[in-house]
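Pasting the structures here.
What follows is subunit A paired twice: with subunit B in the first complex and subunit C in the second.
So, the complex of A and B:
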């Protein structure tokens, strides 16, 4: 896979950047995310998370079962601040 | 704050079945679905099911969805559409509900429009039936318009009646790849090829035979290496794969296509389950990380059940049965069970076993068994 192939399309993080993050010490999805922003866009890693796991698995020589998904946080769907504020009055 | 006995997240086959069983037992039941039309994947399934009569053999998926919805409404289920659950804490679901009549929601998700309203629902029991999500495949050019999940292409074609392209390369020869290829053919597209990295076709022989008869080549041991085009896909390059999954030099072939559909498997859509605090186990046969559950479809979190593809990628028939099981068990934990429920549960378990029997499903049955064994040790008992 070419290093300039995109992994996270929301944040435009590439294969090369993910590999670089792993060389710099990232050992899990969260580590890669903190260094490259992969998984921090609108879709919150919905598309790229598994690709990131596969690269981690290949680069670190460990099975896929070693790599857990990133921590899920509210909101799990894109919502506006307006909606959140309105909800707070209930 | 709305208060209900039972709230179901996802009104596909699993969710609707759970809602029906819950409501039939006297639970006040709300089923939430983020889409403008309930039924989950069933509303895209224009083909007839096969198998046994009790699993709707000979009926089209879309008709099964109508039947379920009708049953749900007569049982007293309140089905809310355009309802996205964006948070779950304790027994409360935070929902963004979009009101938009019959028009399709904006592609980025309905909740970003000003028509969305918040709704909080406190449910005594919750069944998560959030389904599966398509796996992506990245290769140079995969972000070009025209590269999409096979399920997305199926939604465009069968729900919105929009042909995603005219010349299609299908990547993956599992059931999804084969069925969507056939449906796109029926809708008027040309399927230039179906390619599969494995040396064998993964889906059923009947589905493969249908598209072969229509002249579509199915190339096993092939993968896509590149897509190119000015402002959208114009070409795809495919290549042979050897026994150790390496590409064979000199075997590259360029295809003129405007659409590349990716059908390389599904995984449980488990974000809400994760947010709710459910524990997971890794099971490749079930699609990857799957929430742990016991024989009663109860997760590791008290009051939270699950059913369908969320509990491991399978089919609509198993989703229906799991949904029934979850609905009955959730009702019985509220002391609303029916006399005869234990016989009903036994019958469902037998049907699930028969659905998962046969050489095609052995791995699946074993994986499910292992997950349930972990669940029996870790999930709360009623």
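So, the complex of A and C:
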């Protein structure tokens, strides 16, 4: 993968930006996300998380199995303000 | 491992990072010790507002105004994109009942020297056309700004490192060391001992536990807050908007809002913040429920409902994420920026509740001034650690 390749399509974070974040101190998926926004978009990392883990593994010289996905946060699927607010009536 | 520095800063949140930055800039040798990654505590679970409008008129709002000026300088001197924008902010006044209190707030802030404006009637909708049609006024502060809080921390730490600071992430402080006369001489960490004759405790809501290990009582409690993140979408407002009732939720005022009991119980008040990426954030809630950072779904529902009351047009916009953080609360809503009288060499910089991002510059600067024995940029009496001593 060359540095211009886009890893996170939602936020347009590239391989190069992710490598830079790792040089600045990111050691896990969350650290990369906070520095590059990879995984912060509409799909919440569903597509790019494995690729981010692979780059981490490669750059830090550790096996893939050492990296965990980012913590899952509600809502698991995007929900509209209208629907969420209606829940408040039950 | 044994390493020596002039000053050890405990906690790599926005406050510890600002302290590290300002000291390093003066040529002081600083070690920053953080148990996780930098920006992994409250400074990674918050908004990025730099607001003077919602501070108590007088000392509190004037100190914030000063911090805003320092921040504007930092956006120039830090070699990092902070996503800084100074668009001002507004408080929405819901009804005639609130109007009286809001006009009074406006006058007192104006007197304190803040760049304030009061908008009423059709001016409100010229300013923010998508607000609910029944709101009656807006209080504006033009100096208010926003930034990305995590980028702010990375920028401070990066610049400090280049000026010579040693940064130790994933290193937990397990004890504060004192010499035979009780003066600070270093810290014990999970990666060995580090020595220095000044230590700054900037561990946010975790400060009391560390301070207790040297017999010091610090009055900080975690006050939890939730945030909803909306997808990229057309914005319902161009800048920061909060309901005036936010002040009531924050300060626990007596002027009630016309809301159901649960909204007050969880301290829910609408706070809207657009980000530089085209998303927007919706807050807020306030509760004392210990150190738990999990989201309470019911509170998120109530927050969504409160947001719709002010911005009916966001009904079909998606929420893509939510999170909760722990504000370091003190009983009088002012931070503790102070030497510890009983332990020479120890300082506390913590307890900034919902204002730590905005107050980080002035806090970092003042701690640096205290350590260097210089006159401080602001009077620091109201921020002393021992001010709570005679109160229960």
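One rule holds for everything that comes next: the second predicted complex is superposed on the first by the 90 of 90 C-alpha atoms of A that agree within 3 Å, B and C clash if a C-alpha of one lies under 4 Å from a C-alpha of the other, contacts with A are read in each partner's own complex, and residues count from 1 in each chain.
The rule is short, and it goes like this: a residue touches a chain if its C-beta (ideal position, glycine included) is under 8 Å from a C-beta of that chain, and two chains touch if they have at least 3 such contacts.
Predicted model, so just to flag it, every value in this text is computed and none were measured.
If you put the two complexes together on subunit A, you find that subunit B and subunit C both fit without a clash.
Of the two partner chains, subunit C is the only one that A:11 touches; subunit B does not reach it.
With chain A as the common frame, subunit A serves as the apex of an angle whose CA-centre rays point to subunit B and subunit C; its value is 140 degrees, to a multiple of 10. Of the two partner chains placed by the overlay, only subunit C lies in contact with A:27; subunit B stays clear of it.
Applying the stated contact rule after C-alpha superposition, one finds that A:64 touches subunit B and leaves subunit C untouched. Applying the stated contact rule after C-alpha superposition, one finds that A:1 touches subunit B and leaves subunit C untouched. Of the two partner chains, subunit B is the only one touched by A:76; subunit C is not. In the superposition on chain A, A:37 makes contact with subunit C only, not with subunit B.
Minimum C-alpha separation, subunit B to subunit C, in the superposed model: 6 Å. The intersection of subunit A residues touching subunit B with those touching subunit C, taken from the two complexes, comprises 42, 73-75, 78-80, 82, 84, 87. For subunit A in complex with subunit B, the residues that touch the partner chain are 1-2, 4-7, 9, 15, 42, 46-48, 50-51, 64-65, 68-69, 72-80, 82-84, 86-87, 90. By the touch criterion given at the top, residues 37-40, 44, 150, 154, 158, 167, 169-170, 228, 230-232, 277, 295, 297-298, 300-302, 304-305, 307-308, 314-323 of subunit C touch subunit A in their complex.
On subunit B, the positions that touch subunit A within their shared complex are 1, 34, 84-87, 89, 94, 96, 108-109, 111-112, 114, 116-118, 120, 133, 135-136, 138-140, 142-143, 267, 270-272, 274-275, 280, 282, 284, 288-289.
Note for the complex: subunit A touches subunit C at residues 11, 24-28, 30-31, 34-35, 37, 40-42, 44, 73-75, 78-82, 84-85, 87-88.
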